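Presented sequentially are two complexes of subunit A, the first with subunit B as partner and the second with subunit C.
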Partner chain A sequence: MTATLERGLNALREQIDAPVASFFTSCVSCGLCAEACLFYRETEDPQYTPIKKLDLMRRVWSREFTLLGRIGGWLGLTKPVTDADLTAWETLVYDSCTMCGRCTLVCPVGNDLTMMIRKMREGMSASGHGPVELIGAAQRHIDGNSAMGDLSKAIHAQVKNAVEAAGIPIEFDKPGVDYMVILSAQEIAEFPDVLSAMARIFKKADVTWTISNAAFEATNVGIQLGSRDIARTLVQRVVDAAESLGVKGVISPECGHAYQALRWEGPNLIGRAYNFEVIHIIELLDQLRAQGKLKTKGKNSRKLTFHDPCQINRRGGINKEPRRLMNMVAENFVETEDAGTMNWCCGGGGGVGANERAAPLRNIAFKRKKAQIDKVNPDAIVTMCAYCHHTLDNVLEEFNMEQEVLGLTELVAEYLDEDA
Partner chain B sequence: MANKPLLPEMMKTHGVSRRAFLKYCASLTSLMALSPAMVPRVAKALESAPRPSVIWLSFQECTGCTESITRSHSPTIEDLIFNSVSLDYHHTLQAASGHAAEAAREQAMKDNYGKYLLVVDGSIPIKDPGYSCIAGISNLDMLKETAAGAAAIVSVGTCAAYGGVGHANPNPTGAVAVSEIITDKPIINVPGCPPIPVVMTGVLAHFLTFGIPELDALGRPKAFFGESIHDRCYRRPFYDKGKFAESFDDEGARGGWCLYKLGCKGPTTHSACATVKWNNGVSFPIEAGHPCLGCTEPDFWDNGGFYKPLSVPSGDYRKMGLAAIVGGAAIGTASALLSKAGKAKAVKAHETVNAHDLEKSS
Partner chain C sequence: MNNPAFDLLMWARGPGFDIALVIFVGGIVLRLFEISILGRKRDLAPAKGNGFLQGLKTIFSRSVPREGLVKFAPVTYIGGYVFHIGFFVAFFFFAPHIALIDDAFGISWPAAGRVIIESVTALTVLALLALTYSRFTDPVRKSLTTFDDYLVLLLSALPLITGYVAVNKLFGDPTMMLAVHLLTVEALMIAFPFTKLMHAVSFVLSRYYNGSIQGRKGAES
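And now, the complex of A and B:
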């Protein structure tokens, strides 16, 4: 089978439900979503208005699901959505939206625009309009074990390094432990220090954990590409692994959309509740801190700021936890403007970071975050998402900025009080 | 009529205390929707304002407006305010007659050219000027001649403001409002049949103290005509609860319920009747049990019957409305079912997306 226009339109029809109908009906065209959008704000190009990005889905809804639209269709007053239309919308839906969720938050009539972009991507991907990089990642992950290809050797090598560095054993596929840890491919490939950091923190806190050979990858390209079927398959792998190991919970790593996929979309995708809890690593560290199981010694004296990953903070609800941890280990912690739930995206989320075509636009969009960073002028930027980390590394280099980027888990582990 | 005493002296001769005067200033200030801080300014302005010359022209009218203003419960301060202007010509009130009367008007115009205030009551017939003349001068000519030297014009009563009863269909005299003839002078419309006395004196007071008041689209001072009678009506709670008098002798009428169904024009009529009331604040038509006629609105004579409710369509509207609801619901349900069927079809047509399905064959 191949992607066709009819499959795409059918996917859009499947996605149109009561919330979508009420959102399209209640939009008052006020334009506040434009002001909230990273891409519109930095380019001032009206095509980047979030609701405009949804126009094709609105047309399908209007023509096929409203009385007047249907009559208009019979009379030939409105045109059906064509493949050329979908092609024209490709860059709007995939390149100029990181699904950061700011527009949803400002919409005065409460329209969840981010959810609708997610739905619209279902139609785009089924009709063959997904970005090639995301399609490639989906194929690699479905056929193998990670979006980056086969990482089974890499994970074993990195775990071995971590065991040596921390002097603490890490066991694969150990049943009955507290948590199963999954990792973002970005962490395995680029930021493996998180493994030894977790090993040391969990050892001190008496938390038992394991990694599954069957499902160690946390990322879920189905969410970014917009394919429920692919997303469901990938979530199911994690669920099956966790349930067969009989763990109490699954630790979602420092990765934005992985948290979104497993914690919020997952149960809806597989159609049932999990037999385990999903907890973000930073959420867990803050719990351990509150229970007195996580103690630190000394503080980093450099000027540190914190970058909120959209999917974990704004769309995930983890806002105070990282700040409590930051204050444990940072002597000079400064916040940027709009920090917290209204934070501006790094520009790499929602699959935009993987999309080569979007790179120039992504660099323009980063200017907002850059201006805010420049204003507080920190020595280093701390975050809790490996992909934000990766994107920040790249754009800081692009703009010749000197700041170092740090992962919060690693930073906390650095000041772990081994004697407590 | 020149060299009249200033207001404080007038007050003394009429036995009005300063306290009563200040009370009047305060109520006038609130009536004009001004801040309480303005009371001293109003008092000062009224005390020291140079009394402008006022020429009052009565055209095609019933003298009801003059009756109203002179019936402002003498000796009230309103009366004094009126006395405090130099009323140089008013053919109903002045003692002079014949040539002497017209000479007074001409003299006042000459002495105060460009500064006097022109008050007009009554409409102006333009079909044949002979329908209404004073001293052999047609209303049209007299208005044009007198308006030329006026600082501003106050059209008192609905006839002068909008044509009134003279203008009502079929308008045999071709009666028109002042504003249709004079277009180059500021015109303040004080409609009403007749206007409330304190509204007339209030507008004059505003003109003396602060100049021309803020006007609405129909040229009426917003301070007095800004709100509808309905919005300020003490029977409004009955309207909100849907309790209406259906005839003038039913339980509703006796119980003081809303008169909407008996033709009350309160919802579309802007006037201060419901707040200021009439006869020194005693009552107003709705309080007396009669629906509002809407006399401060243009063409109130021709807006359907006085006892016909507002905005009620002819025919059996209840059945029509019911049919519309049933029809709308049917169309809506059918549309929803079609949408639901479309969605079910789409779900059925879903082919599971495989990661290798994401590219087009070409």
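And now, the complex of A and C:
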């Protein structure tokens, strides 16, 4: 057995806990998880059945964590997981799963398949099996300040533009303010308007905020690659920066997995609760709305629909907040079929969007989302995740679809009542 | 009097049943121990919702399929419901079964009529046949199916079929058929903890975990 295989299997063993054991014990191979999966639904290829993607983890559990499996192993009735198995499963675990979480919600025995994919990726990456793009992004972020490379100049340039556009100062590293804002690399590179939008909304609402030079990047490729060590290091940077600035909270940006990483996995990764709260930008905007600190004037008259990012709604519990904000600013807000908790993934989540090898499959899987959009035929699609935004922009173009994609924070800011 | 059928029935009702019961209960305890010994780390992220309550709720709510999904796997869904409900009715509402439970535990409840029990039994077997058929023909089911799945289907069908034969005296010696019926039940009990039949107990745990993980986040389950 090679050292990397042993390391991978050990990482996998570490991930097997009581919930995982109960999930594998309960599975009756009914195959209903397939019907929930965008990759199966669009290809009808049974290899994309979610529980099949977890087969290596199931084998390790069965052989080593059950009495009967151990006896079977001693008698040579079952085969141990090999390096060739891991290689064969790499594309199933990374290319054909966006960790969207639909299967978790349909499994009749309640298996959290998505959580198990997250866990299985720990074993895959520890054994040296992971998409090169994710490994590269992780390396760049660990060595520097962002998964996209060095974005320190870019963030300063974008902040300068935002200050000019909004006419409101934005200060770096200001201690004692209400919130530290972190951004998705995608926002810094592609959707920087969110900065001036936040500046204007927060000014009106008397919310003070800052950006840390030490930790301005929210994305956490450790979560997607399945490396607790990398994920922990990146979360720790944000925690250190926020605690040294003494802020009340950190605003998790419009980015799905960043929210998952900082809000839900983070404390478990660093082994303690934070000294500050983590709030998603849309949660905060909805709070400000409820407190009467966010008032809008006028509404967008185009037909708008909303795309729920999987990690923020289905796996993050933020469902009603964006809808209340949408209703504030949209005159003609139309929901798609399956909107909300059972919304279909854009196809780019879970690291699939960064994975070049997965691009052809991703485009096929997008047809599920496309069908959902086509039925409503909106003028524009609003979302609250910069990576969903980026993915939708790209695939809509690929499919010659005309819809514009908008970020919810920017949309709300557009209708901000400056006189209120 | 030397009657092998009677001797077999006596064995099946006596030592046979005792052995099966010990393996059934002991096996379930062992399997639950195997799961719970692994434990789960305390979640340090501050909760947004009540994971405990949502976990409990999900144990029940997951019995209802998500809207719009039944049409994608009708055999699995409908066959699954008919089988589970049918097996429950045939097991708990057949007068002789209730009499046995009354003997053992001193509790009883009204029985369903013969016609109902027999129709339900027939339907339940048909559901099992449909589920088996889908394991042979449906690509997803086929790719997932292992020996365990067929064994479990067979072990679930045998008590229903042998019970039906014994009650209606369709063929064979009635005493022998009753003994065979009991033996098939015992086979089901012995296999239960070590096959996918175990889901009938462990689903409580897995649904609870699912609901509690989602519930803590304030997300639906």
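Convention: the second predicted complex is superposed on the first by the 417 of 420 C-alpha atoms of A that agree within 3 Å, B and C clash if a C-alpha of one lies under 4 Å from a C-alpha of the other, contacts with A are read in each partner's own complex, and residues count from 1 in each chain.
In this text, a contact is a pair of C-beta atoms (placed from the backbone, for glycine too) under 8 Å apart; a residue touches a chain by one contact, two chains touch by 3 or more.
As the structure is a prediction and not an experimental result, all values here were calculated from the model.
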{"item": "Combined model on subunit A: subunit C and subunit B, fit or clash", "value": "clash"}
{"item": "First, second, both or neither for A:Thr49, with subunit B first and subunit C second", "value": "second"}
{"item": "First, second, both or neither for A:Phe65, with subunit B first and subunit C second", "value": "both"}
{"item": "Partner chain in contact with A:Gln236 - subunit B first, subunit C second, else both or neither", "value": "neither"}
{"item": "Partner chain(s) touched by A:Asn319 [first = subunit B, second = subunit C, both, neither]", "value": "second"}
{"item": "Touching partner for A:Ser152 - first (subunit B), second (subunit C), both, neither", "value": "neither"}
{"item": "Partner, of subunit C and subunit B, that touches more residues belonging to subunit A", "value": "C"}
{"item": "Partner chain(s) touched by A:Gln287 [first = subunit B, second = subunit C, both, neither]", "value": "neither"}
{"item": "Subunit B versus subunit C as contact partner of A:Val109, first or second or both or neither", "value": "second"}
{"item": "First (subunit B), second (subunit C), both or neither touched by A:Asp143", "value": "first"}
{"item": "Which of subunit B and subunit C A:Ala11 touches, first, second, both or neither", "value": "first"}
{"item": "From 22-30, 40-48, 112-120 or 310-318, the subunit B stretch with C-alpha clashes against subunit C", "value": "310-318"}
{"item": "Common interface positions of subunit A, toward subunit B and toward subunit C", "value": "16-17, 65-67"}
{"item": "Contact set on subunit A toward subunit B in their complex", "value": "1-4, 7, 10-11, 13-14, 16-17, 64-67, 70, 125-128, 130, 135, 138-139, 141-143, 225, 227-230"}
{"item": "Complex contacts: residues of subunit C adjacent to subunit A", "value": "30-31, 34-41, 43-46, 48-49, 58-59, 62-63, 65-69, 72-73, 76-77, 80, 138-146, 149, 152, 194, 196, 198-199, 202-203, 205-211, 213-214, 217-221"}
{"item": "Residue ranges of subunit B in contact with subunit A within the complex", "value": "331-332, 335, 338-339, 342-343, 345-347, 349-361"}
{"item": "Sites on subunit A touched by subunit C in the complex", "value": "16-23, 25-32, 34-36, 40, 44, 46-47, 49, 51-52, 65-68, 104-112, 115, 263-268, 271-273, 277, 313-319, 338, 341-342"}
